[in-house]
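Below, subunit A partners subunit B and then partners subunit C, in two separate complexes.
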Partner chain A sequence: MKPNKTIIVMLLAVYIAVPLAFGRDNYVMSLVVASMVIGGIALSWALLGNLGGMVSFGHAAFFGVGAYASAILSMKFGVPVLVSILLGGVGAVVASLAMLPVLRLRGPYFALAILAYAHIFRILATQWTSVTGGSGGLSNIPRLPEIFGYDLSSKTGGYLVILTIVLVFAAIYQYIRCSNYGLALRAMHESEDATRVVGVNSTLLKGLMLLVSAFMCGVVGAFNAHYINFLEPDYAFSGLWVTIPIVAAIFGGYRTITGPIVGAVVVYLVDQLVFKSIIPSGHQLVLGVLLVAMIIFSPDGLLSLLRKLTRRAHVAA
Partner chain B sequence: MLQLKNISVRFGGLTAVNNVTLAVGTQDVVGLVGPNGAGKTTLFNAISGLVRPTSGQITFDGADVMRAPMYKRARMGIGRTFQVPQPMHELTVRQNLTVAQRFGTGSVDQNKIDEILEFTSLAEKATRNAATELALTELKALEVAKALATNPKLLLLDEVFAGLETTGKRHFMSMLKNLHEKFSVGIIIIEHDIETISNLCQRVAVLNFGELIAEGTPEEVFRDPAVIKSYTGGGHA
Partner chain C sequence: MTELVLQALYSGLLQGGSYALIALGLALVFGAMKVINLAHGELVLLSAYVAYSVESGLGWNPIFAIPIALVVVCLSSVMVYFVVGRIKKDREINSLILTYGIGVILTNLILLIWKADVRSTGSTWMQEAIVVGPFYSMRSEVLFFVVSLVMMGGLWWWLSRSWYGRAVRAVSSNRDAAKLMGIDPGYTELVSFVVAGILAAVAGVALFSYGVVSPAYGSVLTVKAFIITVLAGIGSIPGVLIGAVLLGVAEALTVTLASSALQELVGMGLFLLVLFVMPSGLFGAKGRRG
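Moving on, here comes the complex of A and B:
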């Protein structure tokens, strides 16, 4: 099979087979949507890590700012939901501009600074009561609309929207990675001076990746706000919005494009459907153990582990 | 083209380069010599923008570049190689040149890249991983190739011969001899070996303890008693 045929079959499967198979089960469908939300964050996080060489603990801020921006725009200014979701991404970009000064920091210093920055937005959302509703939050956020008579606010509708968002982002990621910018970005991790000496403005490129990553994460946060129709600061800016995606991205393989998405779906669904029923409280513990095992046995993630195993099976056969 | 005026670089209490004034034109091939620790590489770092001089003035093509970051100087036409080769990791040899050309000149011309690959004898290695699959001679050639891909007006070559065996050295020598004319580029070359310098350069500048102690043709300079004294290992001059 040619690669583009594989892609078409995969697309048919995720767009048609998944809704047909699980569409009637609201519980499973809501878990699938939640896993795709995490996949979207994981993808944006991995883009910054892989192309920008930065480990961010601040993505909860982009997620929350995107959610709040889109919710407020649609509630108070009557912006159509699908437009406000994109503007939520723009809101996250604006928030990320405040983080540009920390780009000059490296490694753990960058990670700590962006974590601190992220906290600022949570405080803003809590204290700026007149706009954000304070700690009471915002309820009755407009739902996803109907398009061509199809109700996107249903579980399956939400699934199709978040799926499209994630796939478009994956395509953008792929496009950047294959461009000359992508080449320069890949080279920058290990050899920044080597790129600067041939004319690469490495700080600018890293900054651009932060903006792209923030936009993606903000859009996902905005989608989620309209999907669940409710926001409060502790939820929108929860640290879980960054820790679970990091686990997912590393589990799936953060240096690939499909890795973070597949990782998120696998990690989240297995956690919710399997571990949660076995260990009702503290089931995330298992994820921690799995993550450590993955880092030790297959640092490149799940997909490369599967590839290795299938190759071995081939050889054995 | 390049004008250095009273350039000093201090690291804390240490003066690495002291009050150096030097001019290099498009037609020049200048040798920069001096004992270890004389400040040769630091001077290159100051010209290319890796370190900022404590005082002095650097102009390139009439523009003040003292405060210009390294990437801007590269785009203006200052290319350099590093003594310890700095290939761009994760990329192939060709991709290394593509990035250098795209960001150094603003556009990509595969014919020009092929020409440079040919010139630096890297054509057969074009698809190899630059950081993991090249021998030292090839890494050194890649340093030159990357710099050439940015279409430089001035090329700073930092000990391109160091660590090479005789064949590699001879090979590099013939390459460098053509470099100046083929790419119409001014060159400053750091090199310890006096014979190599005499062979390649019309002009030599000698640094010692950060100061420029002599400048002139190779014959003049290597006869200068002050230079001979500073060159403890190079007594044959």
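Moving on, here comes the complex of A and C:
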């Protein structure tokens, strides 16, 4: 990827134009931040799905563990917030180590096992009251700090932080994809057995992808905890942290890097502004329908569907 | 203390019956189509809510809800089959995401129709105590344990003796060879979804008759069914029953000795233990390791 003009213009737009345009409106800004949080999870989910070939229904576990780890470190041990956010990612990695035995399982078994794991961590967070505050949750989690006289705990500040996190992750994703590991992982997607024969330790590589994905998701969860200053188990480990990112990643195309992020912004904003006002409770129904429709009609994302349609129109003309 | 433990063992045993029905449905579809139906727990839950509606709306005993639940759940199961059949590529990954999406749809439909409240039966006939020696249970628990044993017997007969059952087994062991023998795999897949729907419908009514249900319970049920198939190894009905009873007993013991909040953890503990110690399941299965 060359640092060409389009990318610079895009960066300027998201870093400067978005805060300038919406910075005054707290409601819009909080929606944008939330959609970027979803984008970060969607990116980490897509990394695992695209590079590792694994479908995860357990990313809520990483998100929640990252959030709790960072909140507890900063509250009880006085770790500076920006450091504890990174350590939250490390916490999610540690949690994902517990999932490594599941890598012995293939395809559908892996997906179910990781779904089960998400339940475990929610129960742990609820039961381990001395550390997590139980179902009452943790409040007064330290805010994002001031840096160079700029208050990051404002909506716009939060936006800049999560935007940076997501962009750095996208860069890491791109780096992995272009590296030799990425080559091996893509080969594994074609035929895992053949890749093993030529000497690639496929289980190790898949394990590494799980760790990277967990780290990313954990950092996003940690950011969110400090951004909203409150945590409770049902929120931190909510199934929403799985459903919306999956819909977003599939919608935008989970085999691309920008797809999940753009998908997250679109899906989340439409969900919040349109679906939620039509069906207040149970608006996830629409997300489910969207997911089913995408998988049937265009599993590679909306972009490829549009391309297909225009090509068809072209041929017809 | 001993009494409590014995009582927990007995309750766990009875609970194992419906767990086994749920797990068998999941395993049957997986065998025939190599698709894990992540919405399977939601199908069970749908049946439980049909039973609730029949009881609260018509005032009938939940057991009479079974025919209606059978129709509703089997139709839903068949719809899942047709939607999964529309997947064109990467079926393994896409079918997971697809059935997950169907699960989300069903959970939210249930939420919209029946609200988020926890529901349980109000039927006194179902809740009446039955005493067998030193053991207590509700009538519904014994009733549905017997029903599930009968259904498992029926399933065993169907799979080993009837033409369609044998066709389902043939397709799961070797699809191409089965085709050469004149079996239509698409049709057997459909049949397996219908049978899974029948099992889910009965299990759902059973769950409602002796327990509590809430809209979020569906994915928990899917996970339980999965844990049982890992314990048992796919492929044997008695194995699944033993795995289901094991899970039921472990859960009941946890509730008695520790706390009901830890109930789900113990299943996961068992699951991890089996994964580490006996990766091919307690009763052996192949093809699961990567």
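Keep in mind that, in the parts below, the second predicted complex is superposed on the first by the 276 of 317 C-alpha atoms of A that agree within 3 Å, B and C clash if a C-alpha of one lies under 4 Å from a C-alpha of the other, contacts with A are read in each partner's own complex, and residues count from 1 in each chain.
In this section, a contact is a pair of C-beta atoms (placed from the backbone, for glycine too) under 8 Å apart; a residue touches a chain by one contact, two chains touch by 3 or more.
Predicted, not measured: the structure shown is a model, and the values here were computed from it.
Once chain A of one complex is fitted onto chain A of the other, the partner contacts of A:Ile246 are limited to subunit C, with no touch recorded for subunit B.
Once the two complexes are overlaid on the shared chain, A:Tyr109 sits against subunit C while remaining clear of subunit B.
One of subunit B and subunit C touches more residues of subunit A, and that partner is C.
Once the two complexes are overlaid on the shared chain, A:Asn201 sits against subunit B while remaining clear of subunit C. Once the two complexes are overlaid on the shared chain, A:Gln127 sits against subunit C while remaining clear of subunit B. Looking at the shared chain after the overlay, A:Asn180 reaches subunit B, while subunit C stays out of its contact range. Contacts of A:Leu305 after superposition: neither subunit B nor subunit C is touched. Using the contact criterion defined above for the overlaid structures, shared-chain residue A:Leu82 touches neither subunit B nor subunit C, since it reaches no partner.
The touching residues of subunit A, when paired with subunit B in their complex, are 180, 183-184, 186-187, 189-191, 193-202.
Partner subunit A is touched in their complex by these residues of subunit B: 48, 50, 69-72, 74-75, 79-80, 82, 86-91, 95-96, 98-100, 102-105, 108, 131, 146-147, 149-150.
Note for the complex: subunit A touches subunit C at residues 49, 53, 55, 57, 101-113, 115-117, 119-120, 123-124, 126-127, 192, 203, 239, 243, 246-247, 250, 279, 281-285, 287-292, 295-296, 299.
Residue ranges on subunit C touching subunit A, taken from their complex, read 30, 35-36, 38, 83, 86-90, 92-94, 96-98, 100-105, 107-109, 111-112, 116, 216, 219-220, 222-223, 226-227, 230, 259, 261-262, 264-265, 267-268, 271-272, 275-276, 279, 287-290.
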